[in-house]
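Labels run A, B, C, D and E following the written order; every chain starts at residue 1.
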Amino acid sequence: MMTTVEIRNLQKSYGNLEIIRSADLAISSGEFVVLVGPSGCGKSTLLRCIAGLEPITGGNLLIDGDDMTVADPVKRGIAMVFQSYALYPHMTVAENIGFGLKIANAPKPEIRARVLEVAKLLKLEALLDRKPKALSGGQRQRVAIGRALARKPRIFLFDEPLSNLDASLRGEMRVELSKLHAQLGNTMIYVTHDQVEAMTLADRMVVMRQGVIEQVGAPLELFNNPVNRFVAGFLGQPPMNFIRFASASQAGQVMNGELPGGGRLTLDLPPAIGAVSTEGLELGVRPEDMAVSAAGALNATVEVVEQLGGETIVYGRLADGQALTAKLAGQAGIRAGDRLAFTIAHERLQIFDATGRNLRYRTEEAVTIERRGDLVERSPV
Amino acid sequence: AELVFWSMWNEPEPQAAALRRIMDTYTKAHPETTFKVVWNGRQNQTKLRAALQAGTQVDFADQDGDQLAGGLQKEGLGYEIGADLGDAKAALLPGVLDLYAAGGKVEQVPYIYNTVNIWYNKDMLAEVGGTVPQTLDELFTLCGKLKETSKHALVTEGNVGFYQVLFFSHLLARAKGSDAMIKAFEVKDGSGWSDPAVLEAAKSARKFWEVGCIAEDARGFQYPAGQQTIALGDTMGELVGSWLPTELTESAGADFPWGAFNFPAVAGGVGKATDIEVGLVSVMVLKASPNAKEAAGFVSYLLSEEAQKTLVADGGVGVVRDGVEWPPVLSDAYASAKNATALSGFGGGLGVSYPEFNATVLTPEFSKMFLGQSTPEDFVKVLVDKTKDYWASQQ
Amino acid sequence: MNKFLTLRGAKRGFSYLVVGGWSAFSVFFILWIILASLKRNRDLFGKPWSIPIDPAWGNYVKTWVNNRFGDYFLNSLIVTSVSVAALLLVSVPAAYVLSRGRFAGRQALSNFFAFGMGVPIPLLFVPLFVIMTTMRLGDSLTGLSIVYVALSIPFSIYVLEGFFASLPSELESAAIIDGCSDFQVFRHVMLPLAGPGIATVAILNFVGLWNEYQLSLVLLNSPENRTLSLGIYSLITSMQYSGGDWAGLFAGVTIVMVPTILLFIILSERMISGITMGGVK
Amino acid sequence: MMRRRMVVAFLAPALILYLGLLIFPALQAFYLSLFETSGFGDTPTWVGIGNYTRLLSDPIFWGALRNMSMIMVVGGVATFGLAFLFTMLLNSGLRGKKLFRALIFLPNIIAVVAITTFWSFVFMPRYGLLTSVLKALGLTSLASISWTAPENVFFAMMVGLVWISAGFYTILILAGADKVPTDMYEAARLEGASTFQIFRLITLPMIWDVILITLVLWSIHAIKIVEFPYAFGGPNIDQNLYTPAIYLYIMGFGQREPVYALGYSTAIGVALFFLTLVTIVLLRFVFKRERVEY
Amino acid sequence: MMTTVEIRNLQKSYGNLEIIRSADLAISSGEFVVLVGPSGCGKSTLLRCIAGLEPITGGNLLIDGDDMTVADPVKRGIAMVFQSYALYPHMTVAENIGFGLKIANAPKPEIRARVLEVAKLLKLEALLDRKPKALSGGQRQRVAIGRALARKPRIFLFDEPLSNLDASLRGEMRVELSKLHAQLGNTMIYVTHDQVEAMTLADRMVVMRQGVIEQVGAPLELFNNPVNRFVAGFLGQPPMNFIRFASASQAGQVMNGELPGGGRLTLDLPPAIGAVSTEGLELGVRPEDMAVSAAGALNATVEVVEQLGGETIVYGRLADGQALTAKLAGQAGIRAGDRLAFTIAHERLQIFDATGRNLRYRTEEAVTIERRGDLVERSPV
């Protein structure tokens, strides 16, 4: 199945309200694209435009090279899982799932078989005869997914399909979706708020903000090489720390900065960068890129410690009062009031100028950066 | 006292205006008598029924004589007024007071007079060189003549059964006399209808269609589409009450050459062409009225020359007092009323004496036959059977 | 691709043809009545298609003045609006309780109200007249309104119950949690949500009562109390004996028709802007 | 959750009016059906169920019942067919939905006499609108049909009746359909359902409660129908157009003929009432479905 | 504000369907209790019972010691955020938020001020005049929260209030809720699927399964000392690995086990345990408690590697085909097909018998276990 989706300068407004400014995106056949962005940035709207549920205000939509800007939704060969589920309240779970097939005039036994298959996949076998009203939120969401799966469309659109599932079920579903994708090879466009989902499922991720696509790329690429402060801050949980330099100066390809509390940093800049304003520069440090060590350049006083079981989040303040978050593995015995020094991995730091631009953004195809200190001992297979 | 008068007229109608004037004049002459009128419109008697149940005081009321006869009068609610009328009685056109006087008791007093005739366009008759037909055959001949000019002699309303039934009642009356209808019905085993004259009358009625007196498409005319064809010059006339010129004034214009002649005689029949069917409008003083005497006084006045003239002048209607000329357009009707040898109610009076049978059997069944949904033979058979049933159920 | 487009266009076209054709007939109907009201009787019957080049405005003058349509108009407006308002006041709460309350006998009571729709109105003429006269409300617009309200209750409750029943119970829960008393749940949440339904019922009743004449015929006597539809009715009955002014009748009909159309246009906006259940998820 | 006090307060006014001005007079009337009376203040004659036995063997009543069933079934199928069609088309994303909806409803706001007069002009032989259109189209054989002749008049009446009713029920059904959340329609559209399928598989079942309500209303309307056929029938209505309720009116209210059989007429009314009850119960039973909440 | 909630043997059925079997729970004043459990286990139902929206089938509910089993919802002094939002579609956002105050007859200016305050907190200022229909899913959810906040009730009930928010907003909101709780000190009962939320917000967590409360305790207590396999598996993401022993034998207070692939383990058992059946024993290992090391006892072949940016999840198989998941910090350069050896931290392991009981569950008040290898250098404050 070869299905490409291309969006060219797509715009969408409700009356005077511009929701999507201008989106360009080319999705190649069989790709799994994940849309992320803050609430209200227009992800659902973009999905609805692609599905043909909303008329597009401007620009073009091409599916497999055919202009589908004004085509009927059916013609587009799309299945969608709605954020609001949109289950038919008068049909049982089985009927909901089989509805699309029934519409397509599939023979009854085939429908039944397919429904069972999907139900099994989604652990809905026991609920097939219930009406949506008697389902829990998570159960409803699974039915909504099942409905889309049953139809074997060219393109899947998912609007936060797992948001109401519990963590373990969500993990399972995620793996199932991943497998499904591998198996069917359909093109999938997926909206989520869950970073884990986004990072693990996506071939490519699209980060949106207020109706504008900020950056598109492979998950790690975005994570390691964000184009600006917004993308950097949006990905990663807890979010990246942005630390205002006490002072900074550029020397050609090198940026020298002084951290609050006195620590010093020297960071190289990409060759293309030229001279930049050192006004309002910020250092971007991910909480997980910090390690506690007496030799550390960043000194902070701990304010809050969150124990997540598998890891510990430490919230502190730098000498000048700026906030700092660190994520440590395991259950660290740290208490509020402790004073800690952190070492930070230089090669993973970003620098943002006052406009939010990432000075260390590398325009060449991003390279996955090897982890500092490789834990792996590769045994010959 | 203040007399409460419930009237069948609507306030804007000329008849109401005329009555108003008569009452005003009366009050001037008798200052102790004033009037409170409720212009109820045609549903007057039905509303009266409810009012009487509620104990509302009404002194006198008016309505079509037929309806009063079958309603208030039949229930004995009318005040016997005969004695109060005095010499007014003698001054009326022939038969008027007796028509509804059951057993000689006068409980309702007609004051407006409508005759049933064939109302026609005099110019059209003249154009085909015709004269007023005296016999049925002459009428059919006239029909033929008109048909040649692709016009029609008569029309009817496909949805007004009581217009259609006039053909039957007249044919029967001309053959067997003015009270033939009621007589035939009152034979309790139904055999009254088995008289060959009945079948003959039915067949003659059908003949009006067969010879083209009435246009075929008249079956589908919904009132008032049929009568409008007279105004439009497609049809010469219609067998109908003398209200027709009034109804058509708006369409035909004030100077339409109206004429009227009686339904012609039938060969070998005992009935005369001067036996007519009439529709009278009556007043009735209610027995329960505390002011019955006073009301009766007014009713006598209503029959006076002065009042009757006002009705003609302001109401544009024919009246019951002999010697009071009707409006010019109704002059033929006046003549026919003056020369009447016998009066009967509408449709041979069956509607007055036996309204239910008339409404549920005779009229609809005749209408069916007349418009070609059944045969004259069927019609007679149904009459026989239903009459029998009717009387059986009355035991 | 193009084939798809034209196929879609054809379907579209069919929809417009059916709906548009039907609507066009309604427009034709209205126009015809208005044109008929401006014709002379002779042309009305002889040339039903003709357009009155020389409109007979006199028809309106006659009807409005001679037949007191001016007064009737006011009466109709008062009786109808007061009745509809009172009707809603009475039947909306009842329908609410009947559809969303939980008490023994609810279903039975709801059926009991529904059965009222089965009573043929003519049966009530005499008893109602007697009751109204006894309560000294005979021949009065107040009495008529009260009767209108009472007789419209079954239909209104029946339809309203349906509207209330389908509102999401989640919102009821939310309102309860927000501290609403049972009355406040009704007043602030359920009532506004049922707005389109209530507007629908209001329109249907308004139209029905505006054109109602049988009850008013029985209950009203005095000409000064008459309503427009009685006016029309007397116009028709006067056709017999005092002249068939059909064009005048159409003038009367137009007078009766115009306000209803206007009102409908205004109210239907409300009715149509049904509240989308966007908030519940 | 509802307090007893509110239940009482909310129900009381409606119940009082309903009992006082509908049930009480109706019972009075029902009682009257056991008498033979003209209603003119005479003392009624007790006949027990006499009026009812008479009713059973009254062919006119049966004929009227047949007409009524025709209206209910044939007229119902046509009315609902059209209403469904309009609902479907109007909800398929036509522009000007509001305007169309208003125009389709329009006949309902016009006095019945005006409508019947209009239709009699449409069907009038010789000069009528339909006839002249057919003539203009060269369909002379159709043009010469007398649409209002006795054998056709019932169907001519039905055309007019359906014309009005279709608008009425379209409005009610549309109002119901508007409650269906739009994402239901969207989901179905994505799954490839056609306009018709969406209507049949989504809209219809989801507004089943409304459909049931409209079906009940239609049946009651059909059973009690007086005005339209009565006005259509003109001053002396043809038996071809009788419905039981018209028959009731004619027998009890001295229309044209002075028939004042109020007792008998009331018996017809009572029979109609029970017919209505049976129909409502039957409909509710046959069309009962689980209530859908969304 | 002192508000305790006590549930005694609470039961709830829909018809024949038992949703909550028997729940006992005492919530002390000002406590923040989080309910977690798989989808459909009855969390929402329990919340609705507490709120008084559902009649309770059996048992008692006490608020501040008063029996509220059948009390009116208003009397209970509760605010609730619904899983399905339940916004009033006919009111604007401002009206939705201010509705509770309006009902309580608060003066208009006060309502306005409060609405603004809440809107600011929830970033809804720009949307105050919109109707819910014109909001995105996340925006609706925030309005739903705002509505509850505005009223200042005794008890807050939250039904997955953040599930539709994006990660960073969710993080912020979580902190806000936490602050709010600290500030107001209200009793809060909170349902969530998000483990991070659960772990960080909860004073105590309640784990439910199919209408039964499985375990109640402080988050780390549950995490470190789960009463059974279900709780152990439910908490922690990715979930704990359950590894069937190749063989096992008990020697008094000590359990000896052989792992698939030959590694051996010796684990002590709590004193109270007595003799247990060694049939079907499973070892519980959290993915984050494993470290790659040539000396490790667990040998696995890598099948899938998920790069989450800040950490790496490795899915592998043991010698006998059992699945194994490990979570490594940072972005490890591991590829499918690699063979890895893991060391595991003995003191953090659990052993489950065939019925799912945790043999190493300690009934004494749980102690936070010090992390192996303390990273912290405590500097004197």
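In this text, a residue touches a chain if its C-beta (ideal position, glycine included) is under 8 Å from a C-beta of that chain, and two chains touch if they have at least 3 such contacts.
What you are looking at is a predicted structure, and each value in this text was computed from that prediction instead of being measured.
Visitor: Count the smallest number of chain-to-chain hops linking chain B with chain C, moving only between touching chains.
Guide: The distance in steps between these two chains is 1.
Visitor: Return the chain whose centre of C-alpha atoms lies at maximal distance from the corresponding centre of chain A.
Guide: B
Visitor: Have a look at B-D versus A-D and report the one with more C-beta pairs in contact.
Guide: By the number of C-beta pairs in contact, the winner is B-D.
Visitor: Report the inter-centroid distance (CA atoms only) between chain A and chain C in whole Å.
Guide: Distance between chain centres: 56 Å.
Visitor: I'd like to verify one number: the distance from the centre of chain D to the centre of chain E, where each centre is the average of its C-alpha atoms, in whole angstrom.
Guide: 60
Visitor: Calculate how many whole Å lie between the centre of chain A and the centre of chain E, each centre taken as the average of the chain's C-alpha atoms.
Guide: Centre separation, chain A to chain E: 23 Å.
Visitor: Distance-wise, how many Å sit between the C-alpha centres of chain C and chain D, to the nearest whole number?
Guide: Distance between chain centres: 15 Å.
Visitor: Please set out, as single numbers or ranges, the residues of chain B touching at least two other chains.
Guide: Only 46, 49, 53, 225 qualify.
Visitor: Any chance you could list the residues of chain C touching two or more other chains?
Guide: Chain C, residues with two or more chain partners: 45-46, 125-126, 168, 176, 233, 240, 246, 276-278, 280-281.
Visitor: Mind pulling the chain A residues that touch 2 or more other chains?
Guide: 72, 84
Visitor: Report the residues of chain B in contact with chain D in the complex, numbered from low to high.
Guide: 45-46, 49, 52-53, 66-72, 74-77, 157-163, 216-223, 225, 229, 234, 351-352, 355-356, 358-360, 363-364, 367-368, 371, 373, 393
Visitor: Across the complex, what residues on chain E touch chain C?
Guide: Its residues touching chain C are 48, 51-53, 73-74, 78-80, 82, 84-90, 96, 99-100, 102-104, 131-135, 140, 147, 151.
Visitor: Can you name the residues of chain C that touch chain B in the complex?
Guide: Chain C reaches chain B through residues 40-42, 44-46, 66-68, 125-126, 129-130, 132-134, 138, 217-218, 221-223, 233-234, 237-248.
Visitor: In the complex of these two chains, what residues of chain C are touching chain E?
Guide: 168, 170-171, 173-181, 184, 188-189, 192-193, 195, 275-281
Visitor: Mind pulling up the chain D residues that touch chain C in the complex?
Guide: Per the touch definition, chain D meets chain C at residues 1-4, 6-7, 9-11, 13-15, 17-18, 20-26, 28-30, 39, 85-86, 89-90, 92, 94, 97-115, 117-118, 121, 124, 127-129, 132, 163, 167-168, 171-172, 175-176, 178-179, 181-182, 195, 209-210, 213, 216-217, 220, 223-224, 226, 235, 245, 248-249, 252-253, 262, 265-266, 268-270, 272-277, 280, 291-294.
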